[in-house]
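Here chain A shows up in two complexes: once beside chain B, once beside chain C.
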Partner chain A sequence: MMRSNFVKAYGDALNDGAVQLSFTLPLSPGGMAKEAARHLAEKMGLDQPEVVHMVEAGTGFSFFIVYGFCRHQVDTSQLQATEVEIQEMSFNEINQYIQERIGRRLNVVAACTGTDAHTVGIDAIMNMKGYKGEYGLERYSWINAWNMGSQVPNTRLVAEAKKTQADALLVSQVVTQRDVHISNLSQLTELLEAEGMRQNVLLIVGGPRISHQLALELGYDAGFGPGTTPRQVASYIAREIYRRQQG
Partner chain B sequence: MNKLLKQAVEGGSLAVVGMAKNAGKTVTINYLLAQAAIHGIRTGLTSTGLDGETTDSLYLLPKPEITLSAGSLLATARGSLSQGSARLELLRGTRLVNPLGEIVIARVRREGTVEVSGPETCSDLAKVISLMSGEVDLVLVDGALDRVAASAPSVTGGAVLATGAVVAGNVEGVVRETVYQARLLMLPPCRSLNVDEKNLIEQGGIAVSSADGLEILPLETAVDGPLEILDYLTPQCKLLLGGAFTDELAQLLLGASRRLGELSVVVRDGTRVFVGSRLWQQLERSSVDVLVMEAINLMAVVVNPVDVRGRQLPGDKLISILSQLLPGVSVFNPLATGGD
Partner chain C sequence: MKLNLDQAVINRCRQAAGHIAGDVDQFIRQRTTVSLERAVLRLMGINDAMDDVPVANLFVETIQAGQGLGRGAAYWLANGCYQLKLTADEVAQRVVSGQLDLFQLPQADRATLNPTLEKLMQPTIEKIKDQHRFRKDKLSNLGMGPEPLLYVIVATGDIYQDVDQAVAAVAQGADIVAVIRTTGQSLLDYVPHGSTREGFGGTYATQENFRIMREALDEAGDKAGRYVMLVNYSSGLCMPEIAVLGALERLDMMLNDALYGILFRDINMQRTLIDQHFSRQIIGFAGAIINTGEDNYLTTADAVEEAHTVTASQFINEQLALLAGLEDRQIGLGHAFEIDPSMTDGLLLEIAQAQMARQLFPRAPLKYMPPTKHMTGDIFQGHLQNGLFNLTSVLTGQGVHLLGMVTEAIHTPYVQDRLLALQNARYVMNNARNLGEELSIRDDGKISARARDVLEKAAQMLETVAEIGLFAALERGMFADIERSRDGGKGLDGVVMKDVDYCNPFQELLTQQAGSSGGGNDEK
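Presenting the complex of A and B:
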């Protein structure tokens, strides 16, 4: 058994439990709105809630920032975090790794699928000019990268993957509450199964509400959340394809 | 023993697939496990990919836990072995991996909860099932989200479809979506396939079969509805499709059928059909016949009348309408009835 490791929120001192909360209520700013906000925070279980900021957010709405103390703690030894394990390499190391270990260029096809038109994420990973000072996959000499853009039907992505003999597919989705994107993501897995291609491609999804665990449930090999860099994705693809080659 | 369990044991393995997340797959698995335990049926359990965590990864709501009785087998990733309360004895590795590690086969020594995270791909799933089936009477596969690929006859011997209030806002919507999905899974087999035609479909090829014989199409995929297909179609031909049958291809064939009259499409099984419900209705009214090489044995539709937020639809009404529209399939709520 692992040793317990309890943690509480940190504000001014260790284990004080201080948290900051923000939300909007459909009330005009004023004494009543402030009291409503304080009560709501209390109902959420915060001790000594204090409204430190109230501002009108459109007519009849107020935005609040509330401070308070959360008495709960979590034991990290009891938790399991599923995240992609990446041994990161540099731009040059990745190219060299592919050249030496795999011996051919890797084909990577990327798209924002379904109705999704949010290309910011996929562009950051793919574009030649890159993101956060890092080159995108298009810049790697040992990766052939295709960015199919936005609102790409799953069927077109699968056809393109077959045509290019893709080693990896990168799908970008902004998952919404209404689950439209979720069924679109799982449909891609099913289409690849139906086409007999699933075991031959590395299937990766990225987006602001994508966790690695959700990706696995969707039948993907990996899920990347916000802040992922091209180098992390390229390192993962290169190492995973090499590992699969080794059996 | 109830009819469903008996049929499931005859099939050797059973996939519980769902119309959506939170449709009641895990509840159904627990129901089947409990029934099997009562009747002394030895069971093995695995899943398509990750499942069985205590919280839902999209809504962060608690999910039902899976309990396995002593003697049952479990195929799951090494990384999830320590996650439940059941005492497990590791039997052997499979050399198949998912992102949580190698899939291993374990025997339950003392009853308790388990986390199941099985193979990601159908080809690996078929291998894992065959590795367990020698030692148990029935292998159950817990599906993930709305993925139905595990119900293909090349993977499992039968299927149960889970549906419920989570699928649509009213009874009509749930019935429409469920009947559409169930009918896809239950597509009838094409009786006239010869060995060459079956091999072609199994290998993922595309061909047109007519009185003139079998013509293999020089296409890698028909998934995006390539126009070249039209050049090969003749009246009363059979289009043999080793891959997916999609909206794009359905549109193409609907157009062609107006010119050519009767046509049939033969896919491997019902999991290969990706035609949306509206277009599917048009196909049903057209002279295009959709058949399968291997029919899925859909044994039951299970209904969860409550959705994830607690909203409730009339369960009895749902069950009785679905029973009428899906003759031969048992329809029940595993939380409410004995399911016979």
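Presenting the complex of A and C:
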């Protein structure tokens, strides 16, 4: 049994619980709106909530900035942080790793699936030029990379995976309004299962609202959030495929 | 504040771009598309739907199946009306329900049909002219806010919620409201019908949704004492049809850029360049403004290394627009503030690019786009990035200023995101309103050097493209680092050669008008 380790939000003294938040209420600004905001903050678990700013946000709406001291604490010894564990390698190391340990080029197919047309994320990971000074997967000599672009139906992605004998599939989901990404992502795993391909590919999803935890829940092997670099993804793919080969 | 740009290099750019646009024009003049023909039908009043499928689509499919599209949908519709003494709606209904085979009718010659065609065109022409006049009157009575005009987006998916949010934004100072389309609409080969309350990442562009939002913005604008512009997308596979619907419902700006569709939506280049020309003719006639999408190149390509591709594309878009009869004041060329914020002196490069665009296209309502690529979940940092963007915009006198949202990388904007964006812009632009008039740019400094460098590279790129042609340039991935083939992408099967007796009275009228006004080339 691990020792409990309680933490509270920190403002300028340990365990003061200080937090800031901002939100809008569908009320015109005034005494009543302010009181409503204060009460709402209280219900969120804030002691001494203080509405430090209230302004009209269009007819019938008010925007608030509120400070308060959050009563709640969490015990980190009871939590499990789910992040993809990556031992990062450099661009050259990754190529060398694949060459020496796996001995053939890895096939990676990427797509923005469903109705999603936002390719910024997948392009950052895949494009030759890469992102933040890091080359994308297309630049790796030991990776064959296909970027299928935006709005790719899951069925087409699966067909492409079959055709290219993909080792890994990268799915990007940027637009997540009304949780459209959840059903879309689930559909892909179902399709892969139905085709009997699920076990043969490393299934990876990325996007601003994607966590590793969510990815696992949806039956994916890994989930990458914002700020992920091509090198992290490539390191993960190379090591994981090697690990699986070793059994 | 002025950059000392070399006029000889600017002339090289315009000359090469003119050559490129001329080549494209030769190609597109010989062809039409299913969407262009559907737009013609809509201009002739065929705007109904049958079981949610637009009658214009069904009609065009029938003609295409009978190999008659090369003659123009207008011909078949007018001939039907003439031979059977029926209205356009009656003919269309009979055709799409299978009661009437147009190919079995006697075929009158063009001269005989001219009075019928005239009659079919007139109501729409008059309606568009009325809308144009209405806008002109409103603008002269109410005017607009000071430039840069503040442009916000709404994207709830529900047109009625969009209205609430748009009206709130107008109350906070927005001059322009764009209703973002639902994800994927650009790839639909028909325009949905009626008002809609479901969408993802945006709201369906339909004629009824246009009308609802137009009415709300007119009301909000009257209250605020200024004219508020409405924007939507004349792009994707239904580009010309949406231009028609926008003209009918008095949209003031249309995002309209074939290159964007080719690169970022993988739409076939032949199809969309043909569509673009007719859309621009309609938008021009309606007195609206186009917005082009060069800014998007920098979301995939590097903003420092590839800045010249934006400038080059602006020149091409300008020349294509002039050929379609748009005037300079209707050509809202796009660019963006997308340089990596961690770069030393990145702001200097942004100022160089924005000021250069201002001087290269002095009368164009330049559309300046906020940072998106380098926005993160750190909304506080994002607020500052937007502040620098706002400063650059007011300093360099941009025309249309798209407000940056702090939650750009997180979700479609909440009502408070728009509020914060408007506050930020109002503060910075008011506080630095006339800064540009007080400063001068040193000739031997970094800003000048950068502008010269980008302009020279743009000239070289344009000269290369002029040599190989725009299609080949796109195939080589010269824009946005994306390669597209001339026979690839979506929608090629909707392209057909025009017959010698092709009939499109609107295109004839609009081409004639553009010719007589002499375009508006601005070379000085």
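One rule holds for everything that comes next: the second predicted complex is superposed on the first by the 239 of 247 C-alpha atoms of A that agree within 3 Å, B and C clash if a C-alpha of one lies under 4 Å from a C-alpha of the other, contacts with A are read in each partner's own complex, and residues count from 1 in each chain.
Please note the rule applied: a contact is a pair of C-beta atoms (placed from the backbone, for glycine too) under 8 Å apart; a residue touches a chain by one contact, two chains touch by 3 or more.
Bear in mind the structure is a predicted one, so any value in this text is a computation, not a measurement.
Superposition of the two structures on chain A shows chain C fitting alongside chain B with no clash.
In the superposition on chain A, contact is made by A:Ala194 with chain B only, not with chain C.
Once the two complexes are overlaid on the shared chain, A:Thr155 sits against chain B while remaining clear of chain C. Within the superposed three-chain model, A:Ile182 lies in touch with chain B and out of touch with chain C [touch as defined at top]. Looking at the shared chain after the overlay, A:Gly58 reaches chain C, while chain B stays out of its contact range. In the superposition on chain A, contact is made by A:Glu217 with chain B only, not with chain C. In the superposed model, A:Gly103 makes contact with neither chain B nor chain C.
In the superposition on chain A, A:Gly31 contacts neither chain B nor chain C.
In the superposition on chain A, contact of A:Lys163 is made with chain B only, not with chain C. Fitting both structures onto chain A leaves chain B and chain C with a minimum C-alpha separation of 15 Å. Comparing the two complexes, residues 175 of chain A contact chain B in one case and chain C in the other. Chain A makes touch with chain C in their complex at residues 22-24, 55-59, 61, 63, 115-117, 119-120, 123, 127-129, 132, 149-151, 175-178, 180, 208-209, 226-227.
Within the complex formed with chain A, the chain B residues making contact are 20-21, 48-51, 53, 57-58, 79, 83, 98-100, 117, 120-124, 144-149, 204, 220-221, 223-225, 242-244, 246-248, 271-272, 274.
Remark: chain A residues 80, 82, 84, 153, 155-156, 158-159, 162-163, 175, 179, 182-183, 186-187, 189-191, 193-196, 198-199, 211-214, 216-219, 221-222 touch chain B in the complex. Residues 157, 164-165, 167-169, 171-172, 182-184, 186-187, 200-201, 264-266, 299-302, 340, 372-373, 376-377, 409-412, 414-416, 419, 481 of chain C touch chain A in their complex.
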